[in-house]
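Here you go, one structure.
Naming follows writing order (A, B and C), and every chain is counted from residue 1.
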Amino acid sequence: MKKTLSLLLLISLLLGFALGTAQAEPALSEDGRFPVETVKIGFVNYDTSAEQVLAIQSYFEYLQTAFNFEVIWSEALNSAAAEFAFIEQCAAAGCKAIIGYYNEGKSESVKLAADLGMYYFGGAVNADIYEPEKNNPFYVGGYISGAEQDENYLAGYAVGKALVDAGSKKVIVMSGGKDFGVEFFVKRYNGIMDALNEGGAEVVYEVPGWPGTEAFAAHQTAALQTEADGLAGTLTCMMWLQPMQNAGKMGQIKVAGIETVSEGLVGLMQGGIYVGAFSEIPDMFGLSIPMILNAVTGYGEQQRNPDGSAGRVKVLNWVITNPEDMAYFAKLLSGEGDERVFSIEDLKTVMGAYNPDFTLDDMSTLYSAVTADEIRARHAQ
Amino acid sequence: MADTRKAPAEPLVSVLDLDKHFGPTIALDGVTLSFYPGKITGLIGENGSGKSTLTSIIAGMQQPTAGSMAFKGQPYKPATMIEAGRQGIGMIVQEQGYVPGITIAQNIFLGEEGLFRKMGVISKKAMVRAAKEALLSIGIDDIDPALYIDQLNLQDRKLIEIARIMRMDLDVLIVDETTTALSQKGRTLLYGIMDSLRGKGKAVIFISHDLDELMQVCDAMAVLRDGRLIAELDKADFSEDTIKRLMVGRELSGHYYRDDYETQENTTPTVLEVHQATSATGLLMNFSMDVKKGEILGIGGLSHCGMHELGKVLFGEEPLLTGSVTHTASGQSIVSARQAMDLGLGYVSKDRDQEALVLSASIQDNIMSAGLDRVKAGPFILPGKVQAYVNKQINNLSIKCASPKQNVQYLSGGNKQKVVFGKWVGRDCDILVLDCPTRGVDIGVKAAMYQLIEDIKNQGKTIVMISEELPELIGMCDRILILKDGRLNGEFERSRDLDELKLIERMI
Amino acid sequence: MKNRWETIKNYFPLLGLLILVVFFSIATGGALLSPISLQSLLNQVIATALVALGSVFVFGSGNFDMSLGACLSLSAVLGGMADIATGSLIVAFLVCIGLSLLLGLLKGLFASFVDVPLFIVTIVLGSLLSAFTLFILGDASAVHLKDALQPLPSFSFSQMSVINLVVLLSYFSLCLVLFLFMPIGRQVKILGGNAVTARQSGIPIKKVKVGAFLIGALGIGLAAFVILVRVRNIGASTASSMGTDVMIALVLGGMPLSGGPRSRISAGLVGATSITVLNAGLTMMGLNIAVIQIFRAVVFLVVVYVASMTYRTRLLPR
């Protein structure tokens, strides 16, 4: 009798053990989050009221329900010296990592963080930053565009194409900083122009410069007096809505621009005013969290390239041409109903503590599956 | 001056057992004094005797530490000067009481611009017209109120202050050492105002250092010393010696001015030569003179005669349109202060607060400012040498202060002037140009300064003394030059028979 | 009595700094005084401190210089270009200092011979220099030292701190000696207090003004070099806020911007350190951005109020 009982006990213990390890739950902190010790992270910012930053903040709050990290947000920094000062202050405050959302000091910023024993995330798109420091063990890398062409060129091209597909033939082009030689504006502009030329549309007015100046407003007025039926922007076109309304051209001119997803845009697309938006996905900055936590919890090697250089994760952006997608994306970003572009469960699949077999390519796959269908499919599992 | 007096029983304003303490310093000690309508009462006392403190309390500028006041039989405790003014007590202050940078009319109606507001806009023309009337009412008809007050000279600016005060319906007017800032013409004007107030049964409280003036103008006098009321005198009892004795509390032993009457020899060499000098301001015209070694040369005249400009010209502080100032020994023409100093000259400006001192600086900084070349060791300045240099002057001149680091703006007028003297005496200058050296300084300090000037002369140095006080010139100088309208109009040798009348004849 | 209060008021700025240090040490759990933090504070304070030290002479003599930031930027940019062209840090150093001294001389001469208020002259000069800096940068928005002929030696965090400390102490000592133990310090104070009195006291006003600007320029040149070595990417907007930072530092340090006898060498250092401690402490506390800005605003209001108390002098009749 005793022998049978002890055998049963042994078997049940073994079963329980097997079941437990199959889950691979890492050790959690007191309030049930990972990892046990809070990871302080410094976030280098240049505009504390930018919509994108606010979106990132809200996404981080969501992530913090499962992950044990704290963020020290910088004030609006505008120079390399201020950036260095912030990085040093974070080190003194006990931060383990820095998210370089803004980078003025280039590779020096990475070097400084590393000197002070902190991991640095960001700047992988920028050769000035990546190349000098890619072999620095404290540089974890960041995201790069997964598209074949330059992402700014693609952005412009998508904007131009959306207008062409919607039937515009006479287009106003808002060229932003192209005339000042700002590189990414030049690329976006080239993308727009190529798409328009391919689609047989002509440019009836080009509006240069920055919104908010008298000169810009004057250009706007002049542009709205032409026979245009399309507006392509190298930046957001939201500042055209009111003038269009005043000029009575609302609905007559179709709009496409580089935008941030919002509820407002849903309505504008439903109303046929906006026909296309190219948008960065704010949540892609959330890549910083798994990458940093991996580095801190001993899985840093796995997310590096085979040659030991810092990993670069491919990400894609949104090209939105219909209101249903816009609405879905807006809902994902708003956090209603707890569904996100990249949910907590999504992130766990690329974190070594939860999934010891993950690879750098897995990360790229995850962050490149961003169309509405792909997201839905992922979350249906 | 009209001599209207009845001694009425009721004082207009009085103070009872008034105390004022500034920390450990007792400025007023149980002063009980009354001022009667229809009387001009003088207040006299050395610097620090409390007379300005007393009047400033009456005028609402500060509060007493203890004691009480009564005005027209009612308890009187004004919180501010404005409140005192509304009740009928006003004061013409010793320092600058106008606002620079605005017009004369605006100064006269300071704070009352609303009187000229029509439909929200202030009518400048109306203000100017009213200002003209205000000026006429005190006897001024040659000043255009539309001008900026800065365009007037210092004396006339004071007159504008008077015009402003007189607009108020005053029962008591306090005049605080204003006459030193006024020209002869201004003084006459002020006496006229005081007289007319007296005639209307108002009270005037008059503070002045000029004993002669007080004795002439006042009906009664109160003598203060060390914060206490020493004596009250009626006009009948006025006597210069008595008053001086009461002020100082001691017999003025020895002499006040010089008591020697040796005259210079004609063969004494010159140290400075002025040839046909015309100053940039135009107040000095083709002026020539020689300064002889070892003499005290007095320069006198009416206020715009050019004597103050002459002082600046001698020191290289005033550019010349024609002519030159030559330092005989070196043969150099003096064109700058630095050069003058290197040649052994020193200069005490008439404008103590604006030109001779840096008010916001310490006693040490001020005394050192002219003596940096005297304490250098190589390129360095050693704090030890600075302290020794400064302390020597503080001790020699008996400058009353808490420490050399104290700011000069907190010192009394007499002590400030001693600091200025210390600046130049410390340099051991060969030629000292003094412009109104004892202005606004009490009798005790004056005596000390005359002694100092005599000592300097006895060391073989030369002094040029520009002064508006005739007794001072007569008492101290070997030679006196009288200027009129920028030119030399009289020369006098030191003599027992020299009196003010002779000098005035050459001045007017 | 009044005198004792005056001397106590002299120590307010230092006392304020002490309070800030104690408060933030406690609030950050000691992190403020950790070795990393102290070195970081030094790195942050040094540029402002160097310029502020020299500015004591400039503002002290009654000259309001509004071109500090522009002069610094141009010196740093030209120094950077010199380094890129020659690969030599020494050449960069000489260019930074040399150009600064030249600008200082120019300003000194203007202040001495031109009758236009220096305030206006330096505003114009500042704009001209900024424009010139943009012009020589051309299409690039900044000069990057990594483009240099020979790469610059790379300094670690600690090495940088040592360099900064040496530079700061050297310049501080120089300024201290000039201000306290040589005539120019006293001449500056008197000139700033009352120019007429200064002239009548035989102070060589033109020489003093030029001297003051040269001393200030040395500080600017050193600051330009230090920034160059640390940041290694210099654009036209580098140190653009230096002008206001220095003025705030001087005021917080207890010196009036009008200069005169109340000028003191410690002002720049104490003030700059106070601001740096305040900013660093607030960031390290990890507070919400809005809370940080409110906190900072309150501190400044308190400081300005206390500072204004010392400037209220009432001349009472004697």
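Rule of thumb we're sticking to: contacts are C-beta pairs under 8 Å (C-beta built on N, C-alpha and C of every residue); 3 or more make two chains touch, one makes a residue touch a chain.
Computed from a prediction, not measured in an experiment: that's the story for all the values here.
Asks: Looking at CA centres, what chain is most distant from subunit C?
Replies: When every chain centre is compared against subunit C, the largest gap points to B.
Asks: Give me the ID of the chain with the smallest distance between its Cα centroid and the all-protein Cα centroid.
Replies: C
Asks: Quick check: how many Å separate the C-alpha centres of subunit A and subunit B?
Replies: 79
Asks: For subunit B versus subunit C, what separation do you get between their C-alpha means, in angstrom?
Replies: The computed centroid separation for subunit B versus subunit C comes out at 44 Å.
Asks: Any idea how many Å lie between the Cα centroids of subunit A and subunit C?
Replies: Computed from C-alpha means, the inter-chain centre distance equals 40 Å.
Asks: Which residues, counting only subunit B, touch subunit C once they are in their complex?
Replies: Going by the criterion above, the answer is residues 22-25, 47-48, 52-53, 55-56, 61-62, 93-95, 176, 315, 317, 337-338, 340-342, 347, 349, 354-362, 365, 368-370, 372, 376, 379-383, 402-403, 405-407, 409-410, 412-413, 423.
Asks: Looking at the complex, which residues from subunit A come into contact with subunit C?
Replies: Contacts found on subunit A: 40, 48, 70, 72-75, 78-81, 84-86, 88-94, 104-108, 111-112, 115-116, 128, 132, 181.
Asks: Of all residues in subunit C, which touch subunit A in the complex?
Replies: My answer: residues 28, 31-32, 34, 36-37, 39-40, 43-44, 47, 139, 144, 146, 154, 156-157, 227, 230-233, 237-240, 279-280, 283-286, 288-289, 292-293.
Asks: Tell me, which parts of subunit C touch subunit B in their complex?
Replies: 1-3, 6-7, 180-183, 186-187, 189-190, 193-194, 196-204, 260-262, 313, 315-318
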